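The two complexes that follow have chain A in common; it is paired with chain B in the first and with chain C in the second.
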Partner chain A sequence: MVTQIIAGLKNFFIFKSSLGANEGEELKKILYYYPLTDNTDVQIKNVGFVEGIIQFTDTFKPSSHVNSLHTNKTRHLYYQPEKDFWMVMVLKLNRSTKEKEISNDTEDLEDDIEDNVYEALLKQAYLMYRLFWGTFKDAKNTDSLKMTLEVFYRAYLQTIKLANADVLNMFSGIQYLPVDKHCFLKVQTFVNCLESSYDFIENASFLYNDYLIWSGIEPSDMQVVYQYLVGTLLPANVETELLGGSMPRNSTSPFAPLRHGRFITGPSNLKSAKTIGKVPKVYLFASGKSQEYHLVVYRALSATVCLFIKGDTELTLDLFKTLDEDLNTKLLCIVSDIADYCSKQIITPNLSDSSPRYIYFNNVNLAYSSNVHLDNKQSGNLACPKESVRIATEMKGNLPFLGPAGETIVKTMNDFWVVMKTSNHRECYIALQQKNASLIGISEEVKRLCDTELKGIFFKQI
Partner chain B sequence: MDKSDSDTCYLELSKDPIRFEAVNQLTNVFFDDSNKDVFAVRSGGVMGVVVKNAESESKYLDFRMEDHGSVLSIKFSPDHKILAVQRGTNSVEFMNFDGTALDTEYSQTCKKNCNILGFVWSQVNEISFITDHGIELYMVIPDKKSLKHLKTTSATVQWFVWCNSNKLALLASHHGSHLLPVIIKNGTTNKLNKVDTEPGKMALERDITLATLYGTPAVLILRHQNGPNAAEVHVHTLNGPGMSPVKSHVLKLGLTGRFAINIEDDIILVHHQASRSSVIFDIALPAENDGTVQYHSPAAFARSIKPASITLPGLRDNEIHYCELYSPNWVVFQPNIIIDAKLGCLWHIKLCLPELCENIADLRKCTQVMLKRTEGKTVLLNVLLKYIKQAKPKFDVLQESFNHINYIYRDFIEAELQPNIGTSPGAPIVPKNLSLHRVLVDQDDMMNEIFQKLDPEKDLPKIEWLSLSYLASLSECSISAQYNLTELLVTCLARQKKFTVLQQMLQYGAIADSKPLACLLLSLGNMHSGASQMALDMLARMDAREEIQEVLLSDGQVLSALKLADKTANPRKFLSVAEQSGDLTLFHSVLIHLKNNPDFAGAFQKDERLMNFIQQYNNMFDKNKKSENTLNQ
Partner chain C sequence: MSALEVEPGAAPESGLVTTDTLDNFDEMSCSLEEIKNENDATQEEETNDNTINEQFDDNGVNDNEFVNADEEFELNKEWIGKSKHVFVLSMAGKPIYSRYGNEDKLAWLFGVMQTLVSFTQSSDDCIQSIQAGNTRFVFLVKKPLILVTVSKTRESESQLKMQLHYVFNQITSILTLTRLNKIYEQRQNYDLRRLLSGVERLIDHLLTFSEMESSIMLGAVQCLPLASSVRDTISSAITGACSKIKNLVFAILLANNKLITLVRMKKYCLHPADLHLIFNLVQASESFKNSESWTPLCLPKFDASGFLYGHVSYLSEDCQACLLLLTVERDVFFTLSEAKQKIVEKLRRSNCLEAINESLGNPGESSASAGFVEIRHYLYKCKSTAQFYQPNLSPPYAQSKEPLIEIYKRAHHRLHNVSRPLKLIFERSANEAILAWDTKGFELFVVFEPLIDTSQAIVLIGKLLNWIKKKEERLFHLNAPTF
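Right after this comes the complex of A and B.
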């Protein structure tokens, strides 16, 4: 077996091809370049090389641009988010020591690293930037664009987990909390109540722990916001919450009513706050054009409420105080209901090693669920061999050829079976370990699994 | 009183009061609150007795009676065939009455050493004398012009109060600190447990009101507090074991002075003479509670009764006379009668529900009050609509109101289902609390009276929020929503292009599945790709294979549809779609699959049109063969 691993990010740069067309002005093209240690000559050389590749390949297939370039030691990924703007990610590759002898066997190496996963990472990097700063072309001028890119990507690139990227990055899905309709309607009426009583609240979303219950915005926008919340904002806050201990220590009087809720973005302590603190602006695009909102996040117990406040609203401390009054009381009763429901629903997951593993994804609401990934931190903590997940990734790549419905079954060398089913805009990847199983046996097993796990949707019959 | 204030008066006197001859030197007026008869007795009856009935204007009796002394009390038997007159303290005289004139008198004296405090007709031919030593029960035999003694119950009585509807007498002794309820019915008397009052606390006859509140007999005692404390009304309901009285409610009047109490539509009206205003209480409303007793505050702001007037014949024209409200001449009778003896008027007091609603600031409370009123339904729906049409209705408040409405709706549905569950044939069907369900607002009412009254163009978000609040409330009460409600919500969401909302609601099962809804979703498929997924899911949950096949076929997914087909399927559908697809392999596989399937093989023999497909197939593949051949050559 030949394995190939990613050693790290070699380069990451963004350039605008329409800039600096004249010779000697190539540096003007470059909007952002990583790492800073590369001198301008190297930068110009690398960018020039990529631009050359793109222009060269365009002559063969003008309908779609080149996506990636494979070399022995690197992997290039190209992504054009907006006209003339290119984002490029260059990965360093390492071969594991034992296959150095057969290094000429490049065919095998090809399959180990899935381009589409890293394309998804690159796209995610763009979407995350767009969420906070809007599109590249809407930037005031090139200088301010360069500055914001610098500020954003310097921090963002630190958080990318290249080594553990897998099929989940391609979905970049949302995990929904399965609650009953009573809880759901409570949440929905709560959100409606907010939207109807405060004109400036355009939309709101409701999360419980890392799970979404209600989203007022379109899934395509929500998926980016969700990645930000679950990936960055909430973990940071849970840590500070844990540091403070379970009881708030700053309460002035022991008789003061215990307040559970607080703003995560906005004034951190309403009593002492003089300013409204930091409230990020976000841009949403589902409506077809860019819309600007203040993202105010409020958290009480395990529930998180994201308020999308119209961009032209003037945020004042009083406004936060009224919101706090309203949210705090109403949230507590909803949260206790949800917690009640969840505690009743806990069924000890059947996590024996031989039990089937699955990843489920719905293209319509971007919902995913997985018992392959043991946490959602992308720590590489998997419940089945990494190879099975890699096969799933490859299957995902072949999906367009299957049409609206279909099935693929793959058997691996170590008696693992990976099954992919798609139908009705949904995808399901199942990994089973069964010795001496036949294709029919596996097919039956998958059918049975779908019958029990995917009730209530049109999926199992096909 | 100024006009604007009178607009919000929620109590009014009946428009056409019963007029009778006013009290003067010659005329005495009596009121029998059992039969609701007003007697105007002129000169002890010699000059005539005029009897008017408060319930029906047409009942009008006019007769003469011999004067045997001043009349203390005069009452007809319930069928108006025997007139009983009390003139002294130890006997009652009886006269048979044929509708126009009285027969000769016969008399009944009470037991020795007893004084008759009063008498009541407990049944058509049954009369009870309440004496200071107890109750004497007699049967009247009008044909023989005599009475037959039935039973004597001994008790010390200083005064008593009678409630005809419950056949309940409350006997008071020890200056009203001992109150003993007695049921007089079917020739027997039945002493109940004493009303549990604070020891030594005295009560006057005028402070006691006997009433029926929500079907339960109740004793209302007006308690004047010492010092600056405001007066209270203590409500003892006779719903303890063996109908024993239980102090269950305290009405906090917040005032001191003289009060009078009426009951109308199970609402307790307390009139306060000094402030010339009335407050109302509804014991069904939730109130402060100490575990046994509920402490009620007035349900609405204190308001005066609406100004009333009567026309008096003048010298030339009729004069309009404005009646003095809360006049000292007023006498109040249960449940809802006010008599002004000087003016010669008998009114019924009425609640004006629309005005009452305006005096209850909180919609939730207003809803609860209206749900318990006999005529509350239209008023309630109007109040709700008015609230909703405001610029910014509070949907959480509305939802609570909906909850109150739907709790009753659910009880009604459950009660309807009850007989089907199977009770033993002899068991009486207990309409438990059914009397409480005066107002039933079901989904059709909400649809017709609220949702359809909103402007579907301008109020779109409002309709969405509203129908959602209503839906949530239905779900809270475990009532399944009707299709027209879900349809409204779905179209409302679709018109606002809020497919994400719709998607989530379906995902969490907040909208019930139905075939019409699935079809509606399919039709929305061109607006949002998710809609068809939701429709297919819904059809799958209902196991509607036929419909799913149609959907898949219309989408060109022949193989998926074929997988779902059972032997009843029509092969032609699949073949024609496969043929139209222009995909030869597909056509080939579908045809071969169907032909080789024993379920369909028969159909190929019979159906002419299926043969056409085979013909078609042969043509197609022959042609291909030929072209192949030509290629080979």
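Right after this comes the complex of A and C.
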């Protein structure tokens, strides 16, 4: 059996095909190139190869531009986010073959690495850049674009977790926290109140831990903001909180009211702050054109509030102080309500190996939930065999063939079962580890599971 | 599921080499030397160009007509819209074959493909495939040739690659691998088309065959349904007439892309991939119908280094089954011609010709007429004999077979994915439900009505296997007779 595993990132580059059309000026095309250890000749050669591939494939008028290229040792992913701009990611592959000596001439190598997962990663890399810097074409000039790309991707590439990427990257979904009417109305009132009392606040979103309760912005924008919050901003902050770094340990007076809330972006300590600190600018695109906002994130206990403040607003320390007063008092009571509600809902999860594992995704609101992934960090910490998740990825690739509704049940060589159901833009993947089950048994088990765990979601009755 | 003691169609011995996957596709045996040495036959030099050209003389005319029509083809909408292009070129980038259009006019495209291959090779790597939306580009670099396909057919990379292997084998079957290598060792820039005039037609036909039939995908052949007594009589007629002839390796009787019988020299088996090439040769060559022919033929899986010589003829005017007698001797045409006459006489006397004709005239049972109304169609492959059976097409596939083939190809690919094979797939979509099942002894692909109940599907499969078991003597060639 021949399998391929990813050994790392070989190249990552961005170029603009309309630049440097003259011979000898090819270097001008390249806007960003990783790694810097490749000399300019190699860079030019690699970009030239990609341009050749684009031209060659376009000759046959495919339904879209080239997506990927496979060689024995590498996997190339291509993405054209804007006209003339191309992003290329090249992965190094290692083959693990049981019989080493045949590995060199085995030509018939199957895809063990799903292109669509890595295409999703590449697209995510673009969307994240666009969130903070806007589109490539809106950059002031090529030099400033090159600079911002360099600043952004140098750091971003470090955070990509290639080896643990899976079907979740394709969803790039949002985890919602289901709450009761009472809590939900409180959150909604709070957000509405914020938006109407401060006219510079365009929208606000509300999260509890890693779960979204209310989003004031469109799902397609929230998707990217959510990835940033859950993937980067919040984990970094929880760590500093644990270290006690940003929480003042010695209160000036023992009688001062205990303050829980603070700004994560903005002045970290309002009392001592002289400047407003770092507040990122973000660009949202759901309206069809680029809109600029200040992203102010405020956190109290487990709740996180994201404020999208109009880009032309001048942020002052006083403004933050007013906001802090208001947010802090209102939030504390909401958070305790939510915490109360959640503590009542906690069911000890059934963690035995044979219990079914599922990943659920709704294409309409981009909601996902999974008890396969044990954390949100893409650490590869899975509650079922990795093979099952890969089969799920493959099943997702097969969805277009199924039409509006369908189901797939497969049995692996290790006698695991993986089931996929789709209907009404919802997808559900279930991994079962029941060695001696029959097809009938499995289909009944899945039916039972859908009735209990996924109540209220309509799946075509099988 | 059902408990059958022995899977239908299984036999203790098989005349066909059995393979599960493509794993060993590159492996070739060297059986020719062995046979020649064992039988002390005089070894002779390789055939020269003339023999090859002679064989395809009758096609030269057709070829010229093609060239004229091709001139309007140049990269126009029609050319671009073709669902599958196949290109063959030399390592130096010289055009050898293009499925559509004139190679000379597409020379620049061949140049680009060669550049892509050599670019990746320069870093000690090799290009495999490209995906662009609905179009898949697959490269097979098999020295001394480069084969490329550009496909919008949704076939998987491994299926497309297998088709390229077949094209490569088709070319070797005309030239032998030894000769092919020698040509390019001597002159890298050689224009191979000079030696391959007429072979385009075989490749064209082979590609259509691989797209429209399940046999290449399954790595198996279908047999013409015949009562086992008839099949045995035919086999013994062949053995009787040929047992005295030295160095006869295989005798193959086939009709309408189905095998009637295969008689072989002891110890030697035929690989299904080689048999597919033989099927293709017979199907694509109208000229065999007119007269007895003598043709050199290299079977790449049997021995890629040299030729077998084939006496090819149809049994008679009134029975369109084709008999191939393959030998390692290059000058025994008359001996074999005589043997063929004897075989035909015997078959006529024992009424076997009629039996063959009757089976050929009968379209065969559809799964509904066999009592399986909910089953639209199925493929059953017995692994130990490399044979498969499928019922006659019925609605909704009777008019157009393509959707059905596409369903099977997708299921087959997922079942046999090299890095993640599966034992069982049951998939229900808006249009149909399919069950694909791989066991030790057999493979089964069944297409159901979309609303079939899962448990009912299981019951039906049990019944279906029993039905096939009951009919196995008729549907499969269970003996592997030898001379």
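Here, the second predicted complex is superposed on the first by the 441 of 462 C-alpha atoms of A that agree within 3 Å, B and C clash if a C-alpha of one lies under 4 Å from a C-alpha of the other, contacts with A are read in each partner's own complex, and residues count from 1 in each chain.
Here, contacts are C-beta pairs under 8 Å (C-beta built on N, C-alpha and C of every residue); 3 or more make two chains touch, one makes a residue touch a chain.
All values derive from a computational prediction rather than experimental measurement.
Colleague: Looking at the overlay on chain A, is there a clash between chain B and chain C, or do the two fit?
Modeller: These partners fit in the superposed model.
Colleague: Tell me the contact category for A:Met87 with respect to chain B and chain C: first, second, both or neither.
Modeller: Neither partner.
Colleague: Looking at A:Thr412 after the superposition, I want to know if it touches chain B, chain C, both of them or none. Which is it: first, second, both, neither?
Modeller: Touch status of A:Thr412: second partner only.
Colleague: Identify which of chain B and chain C touches the larger number of residues of chain A.
Modeller: When the residues of chain A touched by each partner are counted, C comes out ahead.
Colleague: Which angle, in steps of 10°, is spanned at chain A by chain B and chain C when each chain is reduced to its C-alpha centre?
Modeller: Roughly 130 degrees separate the directions to chain B and chain C.
Colleague: Does the superposition put A:Val225 against chain B (first), chain C (second), both, or neither?
Modeller: neither
Colleague: Does the superposition put A:Lys61 against chain B (first), chain C (second), both, or neither?
Modeller: After superposing on A, A:Lys61 lies in contact with chain C but is clear of chain B.
Colleague: If you stack the two complexes on chain A, which partner ends up touching A:Leu69: first (chain B), second (chain C), both, or neither?
Modeller: A:Leu69 sits against chain C, while chain B stays out of touch.
Colleague: Is A:Pro404 contacted by the first partner chain B, the second partner chain C, both or neither?
Modeller: both
Colleague: Give one of first, second, both or neither to describe whether A:Ile217 is in contact with chain B, with chain C, with both, or with none.
Modeller: In the superposed model, A:Ile217 contacts chain B only, not chain C.
Colleague: Once chain A of both complexes is superposed, is A:Val282 in touch with chain B (first), chain C (second), both, or neither?
Modeller: In the superposition, A:Val282 touches no partner, neither chain B nor chain C.
Colleague: Aligned on chain A, what is the least Cα gap between chain B and chain C? Give it in whole Å.
Modeller: 5
Colleague: Based on the A-chain superposition described above, do chain B and chain C contact any of the same residues on chain A, and if so which?
Modeller: 403-405, 462
Colleague: Which of the residues in chain C come into contact with chain A in the complex?
Modeller: Those in contact with chain A are residues 1, 22-23, 25-26, 75, 80, 85, 109, 112-113, 115-116, 119-120, 124-135, 137, 140-142, 150, 152, 157-158, 161-162, 410, 414, 417-431, 454-455, 458.
Colleague: Can you check the complex and tell me which residues of chain B touch chain A?
Modeller: 392-396, 399, 461-462, 464-465, 468-469, 471-472, 475-476, 500-501, 503-505, 507-510, 529-530, 533-534, 536-537, 539-541, 545, 548, 555, 557, 559-560, 563-564
Colleague: Using the touch rule from the top, collect the residues of chain A that touch chain C in their complex.
Modeller: Residues 1-4, 49, 52-53, 55-74, 105, 107-112, 115, 387, 390-391, 394, 398, 401-413, 415, 438-440, 443, 462.
Colleague: Please name which positions on chain A make contact with chain B in the complex.
Modeller: By the definition above, chain A touches chain B via 176, 179-182, 184-186, 188-189, 192-193, 195-197, 214-219, 330, 362, 364-365, 367, 403-405, 423-426, 456-462.
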